[in-house]
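Working notes, structure below.
Chain nomenclature is as follows: A, B, C, D, E, F, G, H, I, J, K and L, assigned in order of appearance, with residue numbering initiated at 1 for each chain independently.
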Amino acid sequence: MSEHVYKSVELTGSSKVSSDDAIRAAIERASKTIRDIRWFHVIETRGHVENGKVAYWQVTLKIGFTLEG
Amino acid sequence: MSEHVYKSVELTGSSKVSSDDAIRAAIERASKTIRDIRWFHVIETRGHVENGKVAYWQVTLKIGFTLEG
Amino acid sequence: MSEHVYKSVELTGSSKVSSDDAIRAAIERASKTIRDIRWFHVIETRGHVENGKVAYWQVTLKIGFTLEG
Amino acid sequence: MSEHVYKSVELTGSSKVSSDDAIRAAIERASKTIRDIRWFHVIETRGHVENGKVAYWQVTLKIGFTLEG
Amino acid sequence: MSEHVYKSVELTGSSKVSSDDAIRAAIERASKTIRDIRWFHVIETRGHVENGKVAYWQVTLKIGFTLEG
Amino acid sequence: MSEHVYKSVELTGSSKVSSDDAIRAAIERASKTIRDIRWFHVIETRGHVENGKVAYWQVTLKIGFTLEG
Amino acid sequence: MSEHVYKSVELTGSSKVSSDDAIRAAIERASKTIRDIRWFHVIETRGHVENGKVAYWQVTLKIGFTLEG
Amino acid sequence: MSEHVYKSVELTGSSKVSSDDAIRAAIERASKTIRDIRWFHVIETRGHVENGKVAYWQVTLKIGFTLEG
Amino acid sequence: MSEHVYKSVELTGSSKVSSDDAIRAAIERASKTIRDIRWFHVIETRGHVENGKVAYWQVTLKIGFTLEG
Amino acid sequence: MSEHVYKSVELTGSSKVSSDDAIRAAIERASKTIRDIRWFHVIETRGHVENGKVAYWQVTLKIGFTLEG
Amino acid sequence: MSEHVYKSVELTGSSKVSSDDAIRAAIERASKTIRDIRWFHVIETRGHVENGKVAYWQVTLKIGFTLEG
Amino acid sequence: MSEHVYKSVELTGSSKVSSDDAIRAAIERASKTIRDIRWFHVIETRGHVENGKVAYWQVTLKIGFTLEG
């Protein structure tokens, strides 16, 4: 890690399985179009409820990556 | 989703298993008395420690539901 | 719980497995040197990403314990 | 205003018209079941977008009222 | 303290005497209708001023209690 | 805009009409005694309720102006 | 709404007319280049003042949309 | 309370006696030069410590008053 | 006060008597092991409730002191 | 430092040179009209950009001073 | 400044020299690909430490620019 | 960086020279007693004013380091 400039973007991943899995979903989707993702941090954990159960988890993240050149 | 009014209440669920499970516990308990729960978001994640281990997880949520009529 | 004084310290645990596991790692490490840990609460959930996957989870906690005497 | 105790509840009103109208909707709905509403303050202003237009406004409020007796 | 679910509500107590007394007033009023109040925490301390003196203290609290069954 | 020093003050405007109108009221009152008001930003939106209706809107602003000389 | 990933971007709309209109301006401009905008929430409401009047309103929003594929 | 404009200023009172007394000190000092103080709210409670005792309490307040005319 | 370095630690004092007394308890306990405590500020005021009464007050503080040498 | 009352005001200094210099500018301007300035703390650091360079730095401060008599 | 729409992005600049220099680095890198950058504000100042010295400064900014057309 | 546990402590450095220098002072003092300091982040920037000039800068930091074994 040297005198780079980093950018961060805000994404929300969702999952029927778990809050961690919603994070993984956002990171994996982002890595299709962003190279060099370095870190994330969680902004908010939410979810949708149907019939008295958590139907899916939604986690909003900042995802940071190196700006090249 | 139309011109409804929603109410939200603050609950804390606890679980010996995981933080996600503490959320599920709060939602399932709430759904015994509240119809039409729509969403939740996490306010705080805490826990109690006994003998150097997490004894149980406690997650405080806002739970939102449709006010009828 | 009576008229005790409690101290809290800030630790960050890390884990390749899950965010809950990063919390357990911090608590278990802390309990090697701190007796009477009573509670924790989560300050921030972060992680490092390598090759488009979560490489490890990092969770920052406040950990509270009884000050003796 | 004397030595009363007040309670506040959190509601979200929605409106197709304006953000102020979403506030009015929440207050008017609340006043069907709560007597003696005294004040509100805005927690968050959100909205849903359809076809590149604001489809409706959603404003979350704390609504305060006097607890009797 | 086991795998319970807790609810918290927001109240504002007032007192001509002191800020602590405004807290006591809110708790005592709440305990008329809520069983099993366990804890409170202070959200905001305000007051009304008349003739250059504090006329009464107003403290807003979250009050937490066990949801039964 | 050059190497000026700016001051900001906190005002609350009120209006029976709308939240925007409460802002206008505060700015217009302030401009009677402050020259060179440059900007405002909203700190809080509140209101008083009477008979289940919004009786007036109260918006608290920071108002910034150039300090001369 | 299923296991999608959402992105949000931060925009500031401005209007001579009203704060709601500044929001509409931001959403309509964004919808020229972003498909599938789903929601917004307000981050900050500011404005410029000229001659003791609100010259224009500026509202900063997060705007969320579905990431395809 | 009608369509008035209110101003608020930030003061810090200090007292050797108690935190409430530091608030009273700030309000009483302010009322020498400001008419029509209406309310306060607490921003921060601090204190100085000497020889392991609280030497004095310092409480920072916003104090609100009616702008005349 | 010159070019010193200060450290701050987070403690929670408790008292059956009052919130100020919980602060004094934390400072007095801390001064058994920390020399040169200079200031504190309040992070949070909480309490435990038993039988509808405040059983004890718990105040969390940052306590700052000079690092020697 | 004894049982004084302090007031704080919010200023924004600007400088073409550095962020620290913007702070000095605000303090020096304020000291023309305010005696007994005691401390400042930084609220926000901003700046204007022209042609891809920082054209000037703008730092918003709270500035605290003793209220006499 | 008229009825434009502005976008802001979040960048982190780094520098071995100073915190201000880390800001300049982020702005200059951003201006290679973004025209019409207008302002920035600081979100967070961090740094890496090696051998007991600040090895480099890292400052996270919001950078705002005019959306054309 | 692997499955370590990190601790962070809060320090305030001071300097007559600059805000960055106050940070360096805190880090260098801390490195006398703490091995393996890895990062810092700024919590608050304050200063003392004498005779209308900044007499010294005070910056409060979190400093993070690896807990061994």
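Everything that follows uses one rule, which is that a residue touches a chain if its C-beta (ideal position, glycine included) is under 8 Å from a C-beta of that chain, and two chains touch if they have at least 3 such contacts.
Note that the coordinates shown come from a computational prediction; the quantities given were computed from them, not determined experimentally.
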Open item on the list: Going by more than half of the contact pairs matching by residue number, which of H-J, J-L or G-K reproduces the interface of J-K?
Closed with: J-L
- [ ] Starting from the mean Cα coordinates of chain C and chain F, work out the distance between those two points in Å.
- [x] 44
Task: Chain centre separation in whole Å, for chain L relative to chain B (CA means) - done: 38
Task: chain F and chain G, separation of their C-alpha mean positions in angstrom - done: 22
Open item on the list: Taking the mean of the C-alpha atoms as each chain's centre, how many Å separate chain I from chain L?
Closed with: 22
TODO: List, in ascending order, every residue of chain I touching at least 2 other chains.
DONE: 9, 19-20, 30, 32, 48
Task: Those chain pairs that satisfy the touch definition - done: A-B, A-C, A-G, A-K, B-C, B-D, B-E, C-I, C-L, D-E, D-F, D-G, E-H, E-I, F-G, F-H, F-J, G-K, H-I, H-J, I-L, J-K, J-L, K-L
Task: Of all residues in chain I, those that touch chain H in their complex - done: 19-20, 23-24, 27-28, 30-32, 37-42, 63
TODO: Quick one: which bits of chain J touch chain F in the complex? Just the residue numbers, please.
DONE: 9-16, 25-26, 29-30, 32, 48, 56, 60
TODO: Spell out the part of chain K that touches chain G in their complex, as residue ranges.
DONE: 1-9, 62, 64, 67, 69
- [ ] Could you please specify the touching residues of chain A with respect to chain B in the complex?
- [x] 18-19, 44-49, 51-54, 57
